[in-house]
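Every chain is named by a letter (A, B and C) in the order it is written, and numbering of its residues begins at 1.
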Amino acid sequence: MSLSPDPWVWIAAILTLAVFSFLYRENPFYRAAEHLFVGVSNGYFITFTWHRILVPSLIDPVGHGQKLWLIAVAFVGALYFTRFIPKISWLVRIPIAIFLGYGSGMSLLRSIEAGIIEQVKATVVTRAMFANWQTGLWAIIILIGVICTVTYFFFSAERKGVLKPVSYAGIVFVMVGFGASFGYTVMARISLFIGRLQFLLGDWLGLIR
Amino acid sequence: MAAQSGAKRHTFWEILQRIDRRWIYLVVWLVVMVPLIKPFPVKPVASPPVQQMFNYIDTMPEDKALLISVDYSPDTQAELHPMTIALLRHAFATRRRVGLVATYVYGLGLAEDALREVKREFDSVATSHEDSIISGEDFVFWGWTTPLLTMMLGMGEKITNVFPVDYYGARTESLPMTRHVKNYNDVGILVSIAGSSMPISWVAYAQTQFGLRIGCGTTAVSAADFYTYLNSGQFTGMLAGMRGAAEYEELVREKMAQMDMNWHVRNRGTEAMSSQTAAHIAIILFIIVGNIGYFATRRRKS
Amino acid sequence: MKRKLPLLIVLVTGIFGVLTYIIPHPVVQTTDSVIRNDILRIIGAFSLVLGIGSILRHHFIKIKRKSENWGYSWITVVALFVSAVIGLFGGIDPTRPGILPTHIGGFSFHIQSLFTGLIVPLGSTMFALLAFFMASASYRAFRARNFEATLLLISAFILMLGAMPLTRLLVKELPSFAEWILAVPNTAAKRGIGFGISLGILATSLKIILGIERGWLGGGE
């Protein structure tokens, strides 16, 4: 065992234990740690927004007499402040509208291509998929599974006749899929805890090398 | 804490059903901690998506850069940080140019942390200036900007327009690597390491418009959902959770051993596999015991 | 005016956003580039005001009214100001220090030190708590009450065991079977669900651009 000589490692270890103390019960150490986190992470956010966005993209060019029209853009951005002035708070909608409109427009066709067209293409069974029998069979199962799953989520028609067994098969696929997600979620959550113990046992206490 | 004594006598299963949650927490703590201190030997074997990404990066044209997008924050760093570190080791060992960006501001500190760690490892064994890892020459840490559209689409046109200065404040136009890496045409693959759906955003913007090849490193929570993108070929390989990180670490370790780079490093993903195995078995037992107790008490009640 | 102007802006910017993908004309592309690199970036940076302003307002109100646990609000406010001052005046790269010194003797309190020493342990430990809650929920709530739930559980067990390197030694085929579940039936189910999500995004985007979805305007006039 070789304890870390780095004071920041000690601070981090104490804060880690303060947060873990919540497992026993809610307590002042946890609450203090929680509030500290909110404060410092926002201070960090301010730092980089200033140094890496506002300075190189606004202050520097305008300061050098270039792109003076950016002052007008900054004025539009400053309308976010009106959120806290009740009489003119509606003006905050303008920068939000620019962002929302442009973002929605930009994502519209690109999302269709990435999330629908390419996915449909991958679902269609082609001759090339039968390069070996396994990939061909798996492709057929995927096609059937997609049809059944979509049918299960299709609520516009009553589930009777052929729709009934097809949508039930959809449930089977969905449950296997959710099971896979749950299994992996267990892995994810445990990993997060392992990460903290690696820090406490390794970086702090020196028990892992 | 556990047993409820009263007029009515409780069966073993009923007591087990009412056990205080803190006993469960204690079991989880021990099950994870003991194998970390005394691990059992496990050797990760690469799954097909991990092997696919490794092979692509290992064999991509030498003039193409590896772009790593650090799209995670401290909450998921335990799973994802080992991936960033393993990718950096792979790239530096095979002398690939590396570019780093972050789509979340908190990815900046994590990318810087990973760079410092891997740079220190390589610099500690370097015998000449050429062997060292140098910012601006071997890698550029472009940093973070907002919104996503600006970064993902703008970098396809001209990276220096999106990042006039790098993370360290250097003018990107003046960096030697800028001569070689101007936009996505000079990038072999972008690996988005994310705790969210950011890899899909990279596909929607950078791949759809510029044909950029995208690899994905993701938390295990999202991995099952991302298999559709792997199947469609929109992702070139995927590292899923800490297990994916461990498998990539093992491939990189073998590669570096072949290149006589045998110095000791901490492979945090591999290191975690014993604990992960023990914890999975514990959770399965929790579910089984919980179910037996539930059905036993239900039958008694009925 | 208060509602119509923002709705008009959304319509115009939304339509232009769509056009950028289908019209490769240099005028459209150059305009798009200017909007993304200059306008959106600067406006986006100012949106920080909303977040920080709301946090500060919330905590100052708590302090002023001496609400329950108001003392902790001071921790947030002081931590925010101190870390922002260190970051703004101490610089980002330790080799190019700012006007504020960021070390006392051998102790550095540079912005990256604050990140690795405070933000990383606090953020990651808060999420690590989920491991315990998930274990407790698995024990108490996860019941194989019917066929579908049993199927879900079996799939989860195979994944949990198949994902671990050690189980390869016990059952050689388990990892490949787990990988098959992910790559075939799971892919089919998630793709079916994904179609629904993509169509939902499409519908929402269209509703925003056309002014049918107005929730973002908030309350008031």
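FYI, contacts are C-beta pairs under 8 Å (C-beta built on N, C-alpha and C of every residue); 3 or more make two chains touch, one makes a residue touch a chain.
Computed from a predicted model, the values in this text were never measured in an experiment.
Taken as a contact graph, with one node per protein chain and an edge wherever two chains touch, the assembly is complete, since every chain touches every other chain.
At the far end from chain A, in terms of centres built from Cα atoms, lies B. Should one ask which of A-B and A-C has more C-beta pairs in contact, the pair is A-C. Centroids of chain B and chain C (each the mean of its C-alpha atoms) stand 16 Å apart.
Centre-to-centre separation between chain A and chain B, using Cα means, comes to 14 Å.
Mean C-alpha position of chain A lies 4 Å from that of chain C.
Chain A has residues 23, 41, 44-45, 48-49, 51-53, 57, 99, 102-103, 106-107, 110-111, 115, 119, 122, 142, 177, 180-181, 184-187, 190, 192-193, 195-196 in contact with two or more other chains. For chain C, the set of residues touching two or more other chains reads 21, 37, 40-41, 44-45, 91-92, 115-116, 119-124, 126-128, 131-132, 134, 138, 153, 157, 160, 163, 182-183, 186-187, 190-191, 194. Counting only residues that touch two or more partner chains, chain B has 25, 28, 32, 75-78, 106, 109, 145-147, 149, 153, 167, 169, 209, 220, 223-225, 228, 231, 241, 243, 276, 279-280, 283. On the chain B side of its complex with chain C, the touching residues are 21, 24-25, 27-28, 32, 40, 42-45, 47-48, 73-78, 106, 109-110, 112-113, 145-147, 149-150, 153-154, 157, 161-162, 167-169, 209, 220, 223-225, 227-228, 230-231, 241, 243, 246, 273-274, 276-277, 279-280, 282-284, 286-287, 289-291, 294. Touching chain A in their complex are the following residues of chain C: 2-3, 5-7, 9-22, 35, 37-53, 55, 57, 69, 72-73, 75-88, 91-92, 107, 111, 113-132, 134, 138, 148-149, 151-160, 163, 180-199, 201-202, 204-206, 208-209, 216-218, 220-221. The touching residues of chain A, counted against chain B in their complex, run 23-24, 41, 44-45, 48-49, 51-53, 56-57, 60, 99, 102-103, 106-107, 110-111, 113-115, 118-119, 121-122, 142, 177, 180-181, 184-188, 190-198, 201-202, 207-209.
Every residue of chain B that touches chain A in the complex is listed here, in rising order: 22, 25, 28, 32-33, 36-37, 75-79, 81, 105-106, 108-109, 143-147, 149, 153, 164-165, 167, 169, 200, 203-205, 207-209, 219-221, 223-225, 228, 231-234, 240-243, 266, 268, 271-272, 275-276, 279-280, 283. The touching residues of chain A, when paired with chain C in their complex, are 7-9, 11-13, 15-16, 19-20, 22-23, 31-54, 57-58, 67, 70, 73-74, 76-78, 80-81, 83-84, 89-90, 92-112, 115-116, 119, 122-123, 138, 141-150, 152-153, 170-187, 189-190, 192-193, 195-196, 199.
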